[in-house]
C-alpha cells in the first residue's frame, strides 16, 4: 500500500524492520508486545489488533526520534500478517499528541530540517495508506500534527470532554499547514469547513469537533477502550482485500500528490523554517512554553 | 447528453430505438404505455412524465436482459420530445432492485462477462447523463447496483420504512465497487461518508440513509406516489434547456472518467470475475441464496 | 493575491488606484471615507476594517458602472496596508444585491457585452483572491450575481428574516450559471447541494440558507453590525501572512480555472446573450419588472 518512492527514511531502519516485506513468503514470527522508548506497542494475537500507545512525556510531541520509532513500529505491524488493525492512543493523560516538536525546527542545520521533514512526510504516507484498519482513540487534546495523525486514520473516537481540543491550528502560530495536511483535512470535513478552520487555525472542543465531522464519535473517557474494541471488530468483520483496495482508491489522489512533490515540499519547509523571522518567533514560543511549565 | 463512444450496446437495439436521435426533425409518434418483459413503462402524456416500474421477480436483479430492456426503454423515452421526466420505481414489494445479477458473473465465457459489464456501464452512462428529470422512488431495499441506479437519478425519495436498506455494500461480499460507482457516491454524499461506507460496505436503513444524504426525503409508503408527482412537477417547472446544461456541467468530470477508461474497466472486471477464488465465493453465495429461498 | 492576467479591466483605472501595488515601498496615504457614486466606503483606521455599502437604487444591480466602481474601491483597499478586512453590505433596505444588471445584456453591442462580462469576471477574481478578510453582511435578498458576491467572501452573516432569500437562481430565468459561479458554490456547499440547487434555481429563505450552508450564521437584523464587528475581530486576531497563504491554497484551483479560460468564457457569454431567443426573454423579463414597479 505504500506508494513508490516512500522509503528513504527506512534506509535508516534496522534490517528486521523490513524483512517481511522483502521476503513475503517467509514464515512470520509471532508479534508480541514491544516497546522501544516513546511508543508502547501491544498485540492482541487472538483479535489481530495492535495498540500503539504514545508515551513520550510531557506531551507526545512528534520529535525526529518519536517519528522514527513510530515509523518502525508501524512498518513492523504492517508486515505482520497476523496484525489486521491498529489502535493509536496516548498513555499520557489529557494529551493525544501536541504535534510537531518545535525544538527540531529551531537552530538546527539544513540537513536536520530535511531529515525531520522527510520523517513527518513518511509517517503520514505510511499511516494514510496503511493496509491495516487504523483507529484513533483520542483521549486528550490533539492540535496541529497530532490532529493530522488522527485525521489519517480510518475512524476517530474522541473522549467526550470539552476540555480536550483538536484541530489544525497552524495559522495561529503564523505557520501555513502544508498542502497534504490540507488535503487530508478536506477529505474528512469537506472544502468549506477546511477553508474556514485552516484560516482561523481553529481548535475545536470535542463536541464541536463532532459537529464539524473532525471526529466520528464521542464516548465518555472510561468507555473509550470498550468502544474501540467494538468499532475495530466492526471494521475487521469485512474481508481485508476488498476493504484495502477500496481505501486505496479513495485516498490515491491525495497520496500521489505528496509523492509527486515530496522533494519540493521539503525544500519549502527548509526555506520557511530557516527564515530569521520564523526562528525568532519559534524561540519566543519555546520561551513562553518553558515559563508556562515552571 | 450521452458522451461520445457510449453507444456500442445499442448497436444491438432495434432500429426504432434510435430513429429519433438520428433524424431529430421527424415528427414523433406519441409515446404510450409499453412493456417488454421486465420493465413496465407508463407515459402520462399530459404531464410529460413516464414511470418505469421494475418488474423482474423475485428481486429485480440487474441481469443482461434486464439491463438491455432498461437501456432500450430509457433511450426510447430520451428520444421522445413529449417526455421530460422519468420516475424509476419497483412493481415488486419490499425491493427496489437487488443489484447486479450474480448468475451473469458465474461460470460464463469471457465474452459474456464483457457484454454484461458493458451493459452495466451503458445504463449508468445513459441514466447519469439523461436529459430528462430522473426521480428514484425507492419503495424497497436497494443494495449495491440497485443503489447505483438510485444514486444516478436527480432526486431520491425513499419509503419511510427502517426495514428497507440502501447502500453500496460490495465490500461485504469481498468485491470492490468500481471507481465510477465510487465517483457517483462521492458526488452525492461527499468524500468522507463515501470512504467510510464503501470500506464497511454499509447498508443503511431508510432513516440513516436520509441522515447521511444517500436519499433526499423519506415519505410513508402510501404517500410515495403523491410525493413523486409533486417533486417531479417542481423540477419540470424549470426550463429544460438551462437545467440540462447545468446538470451536464455538474456531472461531466465523472462521466468523462468512465468514457476515457471504459475498455480498461471492462478488462479489470473480466480479470477479477474470472479468478477461481471469486468464482468459488460467488457459487457459495448463490448456494446460500437458494437455501434461504427454500 | 490576484492571479496573473487578471488586470485588463484595470487598464481603465486611474493611476492612483495602482500606485501602491507598483511601488510597494512607498509610504501610504491614510485611507478615509470615500464615495464615488454607487458604493460608499468607510474606513475605521483604528481597527483596520473598511465597510463597503452598496447604494445603487433601486436594487444594487451589478451594472458596468457599479462593477467598475466596486473594482476600483476594492483595489484601493487592497493596496492600503492599513486595511486588513472589508465588510460588504447594503445601504438599501431589504436587498443586498439583485445580481447582474439585465439592461447591460439587452440590445447592446458585442463590444459592450465583452466589456461587461470582463468586469463581472474581474470583480470575482479580485474578491475571491483578496488578501483582506472579506465578510458579507447580507441584510436583504441576494439572488444570482448578488449571491456570488456573498459566496466569494470568507464568511457570511445573514439577517434572520425569512423574507430575505439567497441563491444562484439563474436556471429559473433559463440561464446557466457559469462554471466559476458553480465552482464557487461547490466550494461552499459541496457537490450535492450545488447540483440540486443550480438545477432548480433555488432561492432559499434565510433559515434554509443556513441549513444548507450557503451562509454561516443568522443574526437579528438590528444585531448585524455588532456581530460583524465581533466576527471580523476574530478573523483579524490571526497573523495576516499565514491566513492569506492558506486562503490562496484553498482557492487556487478554482481561481486558476477561470484565469485559464477567461477569453473562452467571454466568447460563450457573448454568443449566449446575442441569441434572439435570449434577447426576447430578457426584454419580456424587463417589461415584467417595469409593470411590477408601477
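Letters A, B and C mark the chains in the order given here, with residues in each chain numbered from 1 onward.
What we mean here is this: a contact is a pair of C-beta atoms (placed from the backbone, for glycine too) under 8 Å apart; a residue touches a chain by one contact, two chains touch by 3 or more.
Heads up on the chains, UniProt names are A, B, C = Enoyl-CoA delta isomerase 1, mitochondrial.
A quick note: this is a predicted structure, and the numbers were derived from the prediction, not measured.
Two copies of one chain, chain A and chain B, touch each other, and the residues they use overlap weakly: the shared fraction of interface numbers falls below half. For the copy pair chain A and chain C, the superposing rotation over Cα atoms measures out at 120 degrees to the nearest 5.
Taking each chain's centre as the average of its CA atoms, chain A and chain B sit 39 Å apart.
Under the contact definition stated at the top, the residues of chain B that touch 2 or more other chains are 190.
Of all the residues in chain A, the ones that touch chain B in their complex are 154-155, 186-190, 213, 216, 234-235, 238-239, 241-243, 245-247, 249-251.
Against chain B, in their complex, chain C makes its touches with residues 170-177, 179, 182, 190-192, 194-196, 198-201.
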